[in-house]
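Heads up, there are several structures right after this.
Okay, so chain A shows up in both of these, paired with chain B first and chain C after.
Moving on to the complex of A and B:
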């Protein structure tokens, strides 16, 4: 395969990665923006989504049925876990930034170990719900990956619509801008926080469900999406939804291209250092609006 | 704490060191090795606590300093047959250099951003230790036994496999670091660091260059972490990239929280307590990470001051 088609394949792979990454990072970004906390356990919600997708697939016989079931059930289950975590832990430390980080690190290990104990240390594959191949002149491309991109795009659009057009979205934006003022106008802050935390977790879980037919379900799979989401959220400007989406595509596509041509480990090292540098020299992010 | 409490403070810390010294004559072999390991890891926690407890900066990247010390000591021993003392020196030097470079960049941020930046730098360091696996052998690691010459001590030479050397070597490093931390805490510099923890804005207003003090604190913290890493490599003759992973950045946070952040002896108490908690737990379950997770959540919810922090609040207000 010559350079052109190779680059095209890399771009295609990168775009699919970018959609899934956008979904995961949007969850983290919402939680950070509205609640001003860093959820270190975010990657574990992604992992739980993937593992639950495997469970659903083994409960339901047909791949398509299992996939659709998982797409609904897994985010709901993970959302319930997130609600419980919010109620039992985060609310009690009053969303104090550093306490929350310690608590979510604890949550990370609890979830990881629970999955290791119940599900085991193996990486398990889940069959793709659809299996058609898109034939290009130079190579065939898995149709399922395009389905992933399409569903991600739909979920991103739905979240955007929720933020822009519903009362809940209005509450969320108000709480993000000025919590005290929002409360003075009757925004139920605690309920909004709980919903935002669950919503963030559900987005990550949905991304996990989508990814699992491409990448096997494993109890340690949460770390990479967590770090990539951090990178995206920082590049996009902490708390900015638009910035997060733009950054997810920059990171996803460049990650796809770089990993095709260079060693993935080297790519990650360089990306990590670059992002740390961005955070240090442009605390508002590359695309983000400067926030006070 | 007032200066009148100084005799008590010295008596307490020297007494603890004396007790640990005497304990080696009665401990059964299994616990003998455990205590040596705990002492080395407690040095790591001591270093972490200088930054978190006495300066108020929470880092999630200390594994990079620990691992810098470990590789800084282990690689020269493995490839150039350095002696133990020279290796300890190069290890600490590496930690100081890494901490200073990291600090110059990362201390421009604070709070949550500092946390994320430290996590990312440490992850880059970890990935680098895997990437250069021709030198570091990555996850598999390097075994130093056989490479390390026995320590010559007043005519006699003692091999590094001797339990007595492990124990007393660990204790010596721990004692130096503990007393050094105590001296730092009681010095004028220590007071400025605590002032920064309490209110950085006001400290700056009083004319202190808070960036320089924070950098100093970070370098001391990194040097202690590196000393622990180097000692660990030499005494337990293993160097591996596992020690650079995120879990090893979280351990000293857990130990410091458990023992009581901002107390000198807290890191030792926390490390020992957690070590034996995991040790006992692994007797009936392999899920030791569950213990780590639950301990973190329980501490932050019901016990944020830790063991010695609570003791200080209730009974011993002079505890530094």
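Moving on to the complex of A and C:
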């Protein structure tokens, strides 16, 4: 393949990766920004979304119906699990930063092993709601991947709108900037925390639902997105939503280009080196100045 | 995380099964004279199984095949008149866990042999521990690591052929029938490197060229980026993939190449446990696969192969008789069946009694002196040659073409086609 189409394919792959990554990492970033919690179980919410999408697809006969059902039901179910985790675990340790790391590691294993027990160790395919191939002169490309990018973009925009224009978004931003002051002004901190944790999980679950027709649902699939999300969140600046989005695109597109032209392993190496460099030269991340 | 299951539940079930089969044999009026009910201390075979992790699909079918083989053996008088008992332990397809499982089976469960490991990185990690413990370790793995001589005298692969033999047997057919310019796609670990090295060599020897070698991590979930690096003048795309992403791999290959695809030759590993008629795999029609044991039964299927299918619970399309959506790993799992029958032969020939150094020595030497396994109920895939110096068996290989969303055998190699110059001699190692 000559350089032009090769680059085009790299950019296509990179853009799709970037949108999914942004959606996954945004949840992690919100949870850290508002609650100061490093949620190690975040990748498992992604995995739960994918596995629930398989369940929905098996309940509903048509691929499109199953997909739409999953896109609504899976994030709701995962959000409910996250609410329960918040109530039963995180609140009990008083959202203490170190304790919550250990607690969410425990949560990771509980979720992973529960899925292994109930769903089994197999990778199961979920049919794509729409399947068409875009036939370019040089190669074919899965049309569904572009649908994934479009839906991710819509969900990102909706989250942005929620943060910028609603009372809940205001509470969240206030809690992030200065929790004590926010509480003094009557922000219901506990409820905001619970909602943020659930929202973060729901975003990851939605990403899982979107990705599963491309990847297949498997109980170990949460690890990769977790690592990449951490890379994105650290690059962008912990807790900065804008930083997360920018970093997702930097990582996603560079991953696409490096993977296509060189090797996917090299892409991961570069992303990790980038994180190290940012931590050395700009410890707060690229957009870290919002941190209080 | 690997999930542990102790052998207790399994052995209790096994014991019940054994009792059941004892009762069954006693009730059969026409039971042949040699089918004495097994009695005495059971032969305990430790089964290192990939119940979880990336090898889980294979593990499930390895376990079903093993259960069926042991049931049949116990019905037919066991091993040397003793009942056979399987002690299964999950290793999570994890090379770190592998040696621990070997040790646990040997020290804690006090099994007679360890058997059944498939994924080559787990085998390579576990084999040294078996060698240190001096317990015979029977792998069903396909990798060249046994015959290469890099493992040890206690490791045997008598029930499944190795990758080097497979690609040696396939290479001339591929180059003659499909094309000389090859691009290879393989998993990025030991098993994949066997393909890369030995197919690469065979291609060079027969006047072909390997244009590009693409190694893919076995945990990869997205593949489009790799296909972009397949050179445009590729005549044959040679693929072999394993892991949870195999269906995605084949689908994305179809999407990427569309109608302008080169000839495609795959190892069935890329689609083991996957229905050939899955949506998205339409483009596979007209492509070729290597098979060790044809997944689809046809008019040429032997009586032994038919009876093997029935006992394991596999229908004529290679799927479970209980659930047609549950497609088997047909080209690999027969290795479990045949390996267990080789263990039986070796125990009976050597007079092995107890897990003690003297008896192990007799057993290892008896195995090393074997040269042929005849086709029969214990060897339904076909006859095998066994090289006692290499601890490796050799057999027939198949090329199948995808036609009407099914695999149809188009070529069967001779056993001799798969032989290569030996590089090792385990019999020189001390016991």
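One rule holds for everything that comes next: the second predicted complex is superposed on the first by the 285 of 292 C-alpha atoms of A that agree within 3 Å, B and C clash if a C-alpha of one lies under 4 Å from a C-alpha of the other, contacts with A are read in each partner's own complex, and residues count from 1 in each chain.
We adopt the following convention: contacts are C-beta pairs under 8 Å (C-beta built on N, C-alpha and C of every residue); 3 or more make two chains touch, one makes a residue touch a chain.
None of the values given here were measured: they were computed from a predicted structure.
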Does chain B (first) or chain C (second) touch A:131, or do both, or does neither?
second
Looking at the overlay, what does A:58 touch: chain B (first), chain C (second), both, or neither?
neither
Examine A:139 and indicate which partner it touches, taking first as chain B and second as chain C; both and neither are also allowed.
second
First (chain B), second (chain C), both or neither: which does A:220 touch?
second
Chain B versus chain C as contact partner of A:116, first or second or both or neither
both
In the superposed arrangement, does A:10 touch chain B (first), chain C (second), both or neither?
second
Applying the touch criterion given at the start, work out whether A:265 contacts chain B, chain C, both or neither, answering first, second, both or neither.
both
Chain A residues contacted in one complex by chain B, in the other by chain C:
109, 112-113, 116, 265
Which residues of chain B touch chain A once you look at their complex with the stated criterion?
58, 60, 105-106, 108-109, 111-113, 115-117, 119-121, 123-124, 127-128, 130-131, 246, 250, 253, 257, 287, 289-290, 292-297, 299-301, 304
In the complex, go through chain A and note every residue touching chain C.
1, 6, 9-10, 13, 17, 109, 112-113, 116, 120-123, 125, 127, 131, 133, 135, 139-142, 214-216, 218, 220-221, 224, 256, 259-260, 264-265
Complex contact set, residues of chain C against chain A:
1, 3, 51-54, 56-57, 59-60, 188, 217, 219-222, 224-229, 232, 244-245, 247-248, 252, 255-258, 278-280
Over in the complex, which chain A residues touch chain B? Could you list them?
38, 89, 92-93, 97-99, 101-103, 105-114, 116-117, 223, 227, 230-231, 234, 238, 263, 265-266, 268-269, 272-273, 275-277, 279-281, 283
